[in-house]
Amino acid sequence: MTPDAETLNPTVKAGILVDALPYIRRFWGQIVVVKYGGNALGASQNGARATLASFAQDIVLMSSVGMRPLVVHGGGPQIGELMARLGKVPEFRHGLRVTDAETLDIARMVLVGKVNRDIVSAINVHAPIAVGVSGEDAGLIGATQRDPDLGFVGDVTHVNPEILERLLAQNLIPVIATIGSDEEGQAYNINADTAAGAVAEAVGAAKLVYLTDVEGIRRDRADPSTLISSITLDELDGLVADGTVSEGMIPKVVSCLRAVRAGVPQAHILDGRAVHALLLEIFTNEGYGTMVSR
Amino acid sequence: MTPDAETLNPTVKAGILVDALPYIRRFWGQIVVVKYGGNALGASQNGARATLASFAQDIVLMSSVGMRPLVVHGGGPQIGELMARLGKVPEFRHGLRVTDAETLDIARMVLVGKVNRDIVSAINVHAPIAVGVSGEDAGLIGATQRDPDLGFVGDVTHVNPEILERLLAQNLIPVIATIGSDEEGQAYNINADTAAGAVAEAVGAAKLVYLTDVEGIRRDRADPSTLISSITLDELDGLVADGTVSEGMIPKVVSCLRAVRAGVPQAHILDGRAVHALLLEIFTNEGYGTMVSR
Amino acid sequence: MTPDAETLNPTVKAGILVDALPYIRRFWGQIVVVKYGGNALGASQNGARATLASFAQDIVLMSSVGMRPLVVHGGGPQIGELMARLGKVPEFRHGLRVTDAETLDIARMVLVGKVNRDIVSAINVHAPIAVGVSGEDAGLIGATQRDPDLGFVGDVTHVNPEILERLLAQNLIPVIATIGSDEEGQAYNINADTAAGAVAEAVGAAKLVYLTDVEGIRRDRADPSTLISSITLDELDGLVADGTVSEGMIPKVVSCLRAVRAGVPQAHILDGRAVHALLLEIFTNEGYGTMVSR
Amino acid sequence: MTPDAETLNPTVKAGILVDALPYIRRFWGQIVVVKYGGNALGASQNGARATLASFAQDIVLMSSVGMRPLVVHGGGPQIGELMARLGKVPEFRHGLRVTDAETLDIARMVLVGKVNRDIVSAINVHAPIAVGVSGEDAGLIGATQRDPDLGFVGDVTHVNPEILERLLAQNLIPVIATIGSDEEGQAYNINADTAAGAVAEAVGAAKLVYLTDVEGIRRDRADPSTLISSITLDELDGLVADGTVSEGMIPKVVSCLRAVRAGVPQAHILDGRAVHALLLEIFTNEGYGTMVSR
Amino acid sequence: MTPDAETLNPTVKAGILVDALPYIRRFWGQIVVVKYGGNALGASQNGARATLASFAQDIVLMSSVGMRPLVVHGGGPQIGELMARLGKVPEFRHGLRVTDAETLDIARMVLVGKVNRDIVSAINVHAPIAVGVSGEDAGLIGATQRDPDLGFVGDVTHVNPEILERLLAQNLIPVIATIGSDEEGQAYNINADTAAGAVAEAVGAAKLVYLTDVEGIRRDRADPSTLISSITLDELDGLVADGTVSEGMIPKVVSCLRAVRAGVPQAHILDGRAVHALLLEIFTNEGYGTMVSR
Amino acid sequence: MTPDAETLNPTVKAGILVDALPYIRRFWGQIVVVKYGGNALGASQNGARATLASFAQDIVLMSSVGMRPLVVHGGGPQIGELMARLGKVPEFRHGLRVTDAETLDIARMVLVGKVNRDIVSAINVHAPIAVGVSGEDAGLIGATQRDPDLGFVGDVTHVNPEILERLLAQNLIPVIATIGSDEEGQAYNINADTAAGAVAEAVGAAKLVYLTDVEGIRRDRADPSTLISSITLDELDGLVADGTVSEGMIPKVVSCLRAVRAGVPQAHILDGRAVHALLLEIFTNEGYGTMVSR
């Protein structure tokens, strides 16, 4: 029978709190960038709601003990859903999806007006401390068009962290929708994994965490027992080179590699569907998922 | 022939700048709340774009000379448009439109993800100083359900201006979408005219300006020559009582009355479709539209 | 077999951390005054050392999560021990022990030079954040002679919390030896229980905790099952009046009553010999020992 | 017929304000040093009074929109006038005027006690923001004797901008009389053109403006149509070398050259007798007079 | 033979420094307003220069040990002297001297441009810490015309201490010439004794000191041995009522009475011609001259 | 007959105060580290008490006039006395005294609980500004064991001046007992002369003063007339090399040499038994004792 928190021996309880102490100390005042994927919000509405509530609680806990969390999110599935409802047929060029002006408008409405709002609301149930931010606000994410044929798909040119620093300085938690804009004010849809890495670099984060729908990186993709808990940059380069890292993981892994090379001490890939995954990764000795570091 | 700015006598030019001086001084450091209506963004796309650009320039000018502008916006027409595209049939109860969960989601997407973004972008073309804010952020607009039969339509219970004060203190311009939330985190759609008045009260604004699609209040609705340039609270109460104030103006007029009674020194109703209406109202001796004061 | 922290189900671990969240939030930035008794340091040296180490860890944890702990200590047994070694025979007048100049010197050496040092060192093993303070420093504890026949035994006249506030403002943990001084600079030995209450009042503490060698207040002194977990001021007055509160508990109980009446929201009496008693009292739903409140 | 500001088309008015916007933004928070010549105060009392009032209004407008103006002035004609009234006959040595102790006293009285006061008062009619400062105050202008035969005529050795920075930091407008002092506290009369340039360098001004009684630099001194609106350092060196720059302009031109070489981005020579010359130079596209820049 | 400082016994030297200690402590951070009379600067130039140097040294010493001195000065004899040199014949109406526009200009030149400068320079020989201020600067002394027949003679309506507080906050020593101005910016000559009292009230001075050419107040004007060293308000009222206080002392005595009634704890009348009178009054047990207090 | 302070000519008094002026100015805001030896507290109790009171007064005077004094003390004789009373027989190894755990406890009690307290109390009679600090507080003095055979005798590894800077920034006077600690929290007894030098280096002191029981360094140890008032580093190296510096002076002299080489501008060796020696050294032209400088 699994022991239940209420009936635990006091000494065991105290032990868990005491174990968390050095982690709380180490990350005091440090910025932790958390990428929360659109997938985690998908599937059955109820499951998603519970996962989001657990995620929000973790973020509030991190903030309560002195860390400065910062959330970056995507929303691919939700954008697809609204496009379908509007009868918008996806267009492809050279095999890649095209983002025309209307698609961009839809993406922006969903990311900024729906997904961002859902995350902000879930956090603010605890305390009024989350603030939704779009990459367009106060020049946050500068972007440039990737390829005229793809329309309004942008690459990050630079991140201006001023607005984030102001919010963090006020003990607020920025929740960022990854729309960028160029110098003429034209908006672009930005890959959220890449944006999270660029933000982590720009704000000097102590940790970058990707919450995904896999439990981490495996040496053998088919074998759960080969999950890697800690890996260096060089080893991970090797896994990318030999094709061990699966396709969907590429943007996350590349962003991890780049962010750590640029000075972020640790990057993590965790299964965001597990309840309190973030909390356990940060506050326990065993960690969770895969950690990338120098 | 209309004299053109380039060819004006220098003395006349200097005169206009000198006339603006006492207004710049009087409103230095003061907060001015501007309600920008969804109607102003409607009609033909090009006309709307030009109006929005002129509005954005006025807001940036106000900020440049030391005022602290704050924009509140609605988006009724745009919400109706997306609902129509999604084949959503408006439902009525007791003759009033019902906002069910899906309608609320649509309203939120349009207000926060489209209208708010368009205004923020138009300002940020000049300088990265606008920040989109939803009434849900950091507990900004507290709301309560108006009537269970109407679904998620909310009344403002209180405004927590802390997040606005933080942004203003950083010389940023908050642009507010009027979604509110109750203590459980449930979101509600809020009337933007009412919200603008409540925000003006809460932040201690020196001025509250409604940019609408009429040129002001007339003594005789049918006669443009009866436009009122300045009116007291009692006189305006009279015009409401005797039916002179037309139906669509009621929420604006009531909010003006309430805000001035609560201490906002001046409230204005102007035609936002006129180019630089806001600028002329604030910086010239003649003013513009109708001013309500004690 | 007791479940061990290392092998606990992750969900249980997360649950304990999540439970601690509201307590961490509630006491963020709040001052907690902890009276640590000389008895807890006595007995076998090894047991005392372990108890002290556990106490120090709890204090550091409190500080790490944003509380501002402040330690007040006595040292009766240790003073007695040095007097015995120096061959100093206690003198009594009217049945009470006399503190002559030499005894005061010995008390001061032991309190400031031994007990205070041991506590400061135990905390500073974790981080250099504890600072030993004597009540004489910077006019902290003002005192007056209780009775000329008793020599240098003093009553607290006032507490000047300035030095404490300065140290707390720097995130340092004051550890206070309860020597007071009068306006001529004459030192007095002060009862540590009373001093702890007066300090809690003066600094506006959110909690006052007495770590003693009993597990709390019992309705029936002989029956451990009658331990009171929460009691109001009036009820506790009753227990004092009817003699239920035992003699040695009087100064603690009186100080609790007085501090809560003066505005300290909660006062606690716990068994300081239990490992991590302080931690469990503060961070768990069940609490620990007896809590006195309005 | 000249169009009058009151009757101008609103669009034209708005256009002028909008044109001023980028200038207001560019000089926000920047220091602008304005040299105001004694000549501008001379001639008929009424004309001088009107010119001074217009100048004061321009300075207040600059301050109102966020610039930090700083006025440096001379007073040659006024000194001559008082000397004549006191029956003091100018003495010359090697063809240059000698400043003996009494002359210095007279210069100081006139500059600090009359001209400086008149300028400060004219500004303070609008708001209490001008503060008269002598170069002797708080070690502002360090000086050394130019030539023992000339008596108390000094050259600037260094400028200590601390007192100016303190006043500017308080949003006050320093008005500087150009008396300097050496290390023994001996006062010297300093050329105001030279002093203005040295002050502009020392405070890191964004602009240095000389208000004189000519409309700017001409390529052909006799031909008003050859007025130069913008000139580089090298070109101006050429005009000095070939004698195009007239004698009275030498100190101003040399100070412009030196200040721009030392990092002041723009120096200007304008006709200060024209109403609102300063205003038009700073806030309009066309500028006014001659601008020197790299 | 008078003992010389160099040859004094070290213990005596130490004693004098130790005696000064409580005074240095008591006035730490306190503002002391010192009225320095024009008479003290008069007579033979050499004597005046020595007196001024000794006065300046005392002011610098006060500042060095943490007091915040503030000097107010007049300049009657110096104004008379320049008027005579300019052949200006004093005009009288109803037996009082008239200050016409030209006389005001002369007064301003002498006070601001000569006396003020001499005092500032004398202090700045030690360190660049004195700043000349006219009552016209930044709205310092508000004035109103006393009597149209007397011309530009003003009474103090209010003192705006902001500019003084800013300078004091920067550890600078304001030296104030007592020219005031009304709301239209018209300047007036103000009695310096009265102005000193009003300034002392406005800045919350701890002491107001009049340096005059008498050694204090005597019970019997003719008998030096009746010098009063300390007197209460009521006693002094008596001396004024019975005519004991001589005519020239009236403005000083009235200002002392008023300032002490308004909350300045101590006002003093000393002989400023005695070397280091100010120093001895402030730093020694015996004091100097007459002290007025409640 | 020695002239007495009370009856001194005012001019002489003023002269002494004026002479002190440049010293007060030079050391304004500067840190002065004063080593106060245990010997000065020894001998007859009354003599010691008077010496301590005079020393405390000097420290308070220094603080009153803007210096930031910092006291470091030893307590050898007092430790020996308590050891004797406790019947503890000193143990020697290789001819050096061994500090076992019990001896360390005794040293700590005496230094922190007795000598430190006596100094703090003596200062706080004047004002509540002294704060006792042990080298163990907040990681102040880092130490390492000198020799296992000698037990808990430590050498300074580094000084962390943060706690001192915090206290000094609050205008408090730290009084430091020289117990150090290593990374495991183990305490060590530290030579106070050496510690004083290390502290002076770490805080960037302007002066380091050793108060001892000799009047300074002599060229001929036997001849008082050969007292050196000022000496350079090289000369002093010579006196050490040729044995002129006596044995007991070695640690002081070595610390002086090291501190001055590390950037402390002046180090002094004075006779602390002379009344107000410190005061006379700092505030008079003649100085006192021996000064070491580059």
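Letters are used for the chains, namely A, B, C, D, E and F, taken in the order the chains are written, and counting of residues starts over at 1 for each.
To be clear about the criterion, a residue touches a chain if its C-beta (ideal position, glycine included) is under 8 Å from a C-beta of that chain, and two chains touch if they have at least 3 such contacts.
Everything numeric in this text was worked out from a predicted model, so none of it was measured.
*Asks:* Mind listing the chains that sit against subunit E and also against subunit F?
*Replies:* none
*Asks:* What is the chain whose Cα centroid lies farthest from the Cα centroid of subunit F?
*Replies:* B
*Asks:* Farthest chain from subunit A, comparing Cα centres?
*Replies:* Relative to subunit A, the chain whose C-alpha centre sits farthest away is E.
*Asks:* Taking each chain's centre as its mean C-alpha position, how far apart are subunit A and subunit F in Å?
*Replies:* The separation of the two C-alpha centroids amounts to 58 Å.
*Asks:* Between subunit B and subunit D, what is the separation of their C-alpha centroids in Å?
*Replies:* 45
*Asks:* How many angstrom between the C-alpha centroids of subunit F and subunit C?
*Replies:* Their C-alpha centroids are separated by 35 Å.
*Asks:* List the centre-to-centre spacing of subunit B and subunit C in whole Å, with centres computed as mean CA coordinates.
*Replies:* Each chain's C-alpha centroid was found; their separation is 58 Å.
*Asks:* Which subunit B residues reach two or more other chains?
*Replies:* none
*Asks:* Building nodes from the protein chains and edges from chain pairs that touch, which of line, ring, star, complete or other describes the result?
*Replies:* Contact map by chain: ring.
*Asks:* Output the ring sequence of chains, start subunit E, direction subunit F.
*Replies:* Here the ring order, subunit E leading and subunit F following, is E, F, C, A, B, D.
*Asks:* In the complex of these two chains, what residues of subunit A are touching subunit B?
*Replies:* Answer in residue numbers: 82, 85-86, 105, 108-114, 116-117, 120-122, 124-125, 128-134, 136-140, 160, 163, 166, 170, 172, 179, 181, 184-185, 187.
*Asks:* Touching subunit D in the complex: which residues of subunit B?
*Replies:* That would be residues 2-6, 8-21, 24-25, 28, 57, 60-61, 64-66, 127, 275-276, 279-280, 283-285, 288 of subunit B.
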